[in-house]
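Letters A, B and C mark the chains as written, and numbering starts fresh at 1 in each.
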Amino acid sequence: MPPTHTAQSEGPSGYREAVELEFAEATKRYPGADSPAVDGLSLTVPAGEICVFVGPSGCGKTTAMRMVNRMIDISSGDILVGGRSVKDRDVDELRREIGYVIQQIGLFPHRTIADNIATVPRLLGWDRPKINARVEELLDLIGLPQDMSKRYPAQLSGGQRQRVGVARALAADPPLMLMDEPFGAIDPINRERLQNEFLRLQAEIRKTIVFVTHDIDEAIKMGDRIAILQVGGKLAQYATPSEILLHPANEFVEDFVGADRALKRLALLRVSDIELGPSNGGPSIRDTALVRDALSDLLQHGALHGNVVDSGGRTVGGISMEALARLAKA
Amino acid sequence: MSATFAALGEFGDAISFIFSERENQRGSPVGGSHNLALLWEHLKLSAAAMGLAMAVALPLGLILGHTGRFSFLTISTSNVGRAVPSVALIALFVAFFPRSPEFLNVTLALALLAIPPILTNAYVGVRQTDRDAVDAARGMGLSGAQVIRQVELPLALPLIFGGIKTSTVNVIATATIAPLVGVVTLGDPLVAFSVYGREGQIGASIIVAVLAIAAEIGLSAVQRAVTPEGIKLERGPEGRARSRFGLTKRRIQTAP
Amino acid sequence: MILAQLQIRGEDDAGDSCVADNGFCPSWIADNWERYQDPFLEHLALTLISVAIGFVIAFGLALVAHRRRWLIPPITQITGILYTLPSVALFFLLLPLTGRGKTTAVIALVAYTLLIIFRNVITGLEGVPAEARDAGRGMGLTPRQLLWRVELPLALPAIMAGLRIAVTTTVGLTALVFLAGAGGLGEEIFNDMQFRSNVVVAGGLCVLLAVVLDLLVLAAQKLITPWTRKVAT
């Protein structure tokens, strides 16, 4: 019997309000281990934002994530989802309210795509028409044709399977999603595409998301905030990407973000985001280009100035090496 | 050359024993429809032993596989199980429970023989289900029982039926020696030469052989039928052919 | 019971209350130990001969099928039928051709081992990592050299695993060859199935033989595949 107090989405088109996620001195100690896997982690992820856990292997980022839906039990401290301690919740019920995506995807090979996506709605006891409508809607959302719904996972490409994994996690419209290296097993070109697709999706659905990766570039690209963890499960820095690139909290963070952090910072902005000077000629640069790509363009042409144009090809201003240097240093 | 003809002649007699009734040396009717009584007893004994073995081994194998505990014990059971001779096991029951009915004794002995393959296959079947699918299932909030029923069991079914098949064929074969302790199965003509004669020995052997092969073929069909479509697709055309010829069902045995 | 059963509880045991009560009698076992010696050796010999012949045939078939892959399904099916045939039935089906005795017994036992060994050799060869095969070819090994220097060594764990299964199963099946008039420990069990001491000793010897042979094959495997040993940590 489906528990009646389990929150359900208001229908296919209305998204459930995202929730705030708070780690309060959350610690994981494995018996027999010298140091904790996660050591007194405290941070708050505002509702509707993507928080990326990033760090070298062994830093406890996956452990920290898996404590949220209690795939791993918390040793001490607490984690609050929407203000409620996960420790007080019935574990299965808690997990049904949290979307869960892993690198290996873990689609059920014996079930069709539609059945895979319908897993949690079925557990929650939705009726059949509502489930069908939801599956259709999700296939649209992830950009898969409807006739895929009757296929089996073995008949899909890696990228398609990953999209289905995301759709399955979104099925019951959870206010919170956990994603463990979701694009880690995908080739670079498709990974880029999936990342962009996911950011577009997130702009629409506005979930609170914990996203685990070991790739700092992915972290900078995906995260509204980034939590950098270092070995021993200690939080090194928790800030927005540009803050981390501008002011690394310590040597470890500086090292981890890499020597090219100035360039990485330029990659966070688009040309239209910055203040443009008057045009002094030079190669044409689209206003929607990333500032880093604009810099690359200038270097390529050996030019000190660029001419910024909009979609109609009209000049909207100019960009200079000097301005870029100031920006990178800021 | 003449030996070959003689051989054919004896097989001819044996086939005639299968289909037509005759009198034995003691004047009682054997062969033909009288084989049906033996067949019935044979099937009854095999079914009782298999029912008992499955009732014990299937739930145990599923639960042990789900929890991942006692792996060494479970695998060892099947290795030791192979080494215990069927005739010794039957004799043990008869020697130590002389007052219990023979049918019960033999049923218990055959069930003990049948348990290891079923147990091991169920265990391995569950253990080798895609651990990522199980992790995802738990992460989505399936309870332990739901994980077993919705993920592990369907994915383990091909191996589980492989174990049932192995045991069934083995039990049918071993039920042949039940007459040694007084349970009159199709093995009776084999051990009671003076009652049934040589044509009886060979004739009943043919019936037992056909029965075993029919069980193997029938259960192989069941095994294919219970294999989820998505799994067949995963194996691809070559994988499908391999499973049909039994090349994959004992993957565990290749482990060093 | 039509097959002749010996009365192994002799006249001189009449005074032994343990034997009279059909108990488990260490003194009787000590006195009658020799009774089991010859059947034991017979059992051992039948097992080893059958597994050896079975290994040679199945291994040869597997090597042939490894080159001509289309042969794998038919060979698997034929050996599968032999594996499925109840060995007791096979003893009597062979009666018109080879009569009663050790030849019949060995043929039936060999028939049973073929599938086990064939399948494991094939599985082992298929399990050879493609990169190892590729590297071998890249270094200029001929197909024959590749087989003997790369593929077979890497397939050894699977092959030996098959051998272990074949050995233990054959020890168990050899306990039935008395039905074909070929002796073995099964005959001793059968001689007095009601006598506990006898059943335990003869049955126990079977299990012991299986375990010892299994461990010997395992030891041989560890010896010839040093790379599979776990590094002590």
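By our rule, a residue touches a chain if its C-beta (ideal position, glycine included) is under 8 Å from a C-beta of that chain, and two chains touch if they have at least 3 such contacts.
Remember, predicted model here, so these are calculated numbers, not experimental data.
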Far-end chain from chain C, centres as C-alpha averages: A
Two chains joined by the most C-beta pairs in contact, as defined above: B-C
Central subunit by CA centre of mass proxy: B
Chain A-chain B separation of Cα centroids, rounded to whole Å: 53
Length of the line joining the C-alpha centres of chain B and chain C, rounded to whole Å: 19
Centre-to-centre distance between chain C and chain A (centres being mean Cα positions), rounded to whole Å: 58
Residues of chain A that touch chain B when the two form their complex: 69, 71, 91-98, 100, 102, 104-112, 119-120, 123, 152-155, 165, 168-169, 178
Chain A contact footprint on chain B (complex, rising order): 130, 132-143, 146, 150-151, 154-155, 228-231, 233-234
Touching residues on chain C, where the partner in the complex is chain B: 1-3, 22, 72-73, 76-77, 80-81, 84-93, 95-97, 115, 119-120, 122-124, 127, 157-158, 160-162, 165, 168-169, 171-176, 179, 185-186, 189-190, 193-196, 198-200, 202-203, 206-207, 210-211, 214, 221, 225, 228
Contacting residues of chain B [partner chain C, same complex]: 6-7, 10-11, 79-80, 82-92, 94-96, 98, 169, 172-174, 176-177, 180-182, 187, 190-195, 198, 201-202, 204-206, 208-209, 212-213, 216, 241, 244-247, 250-251, 253-256
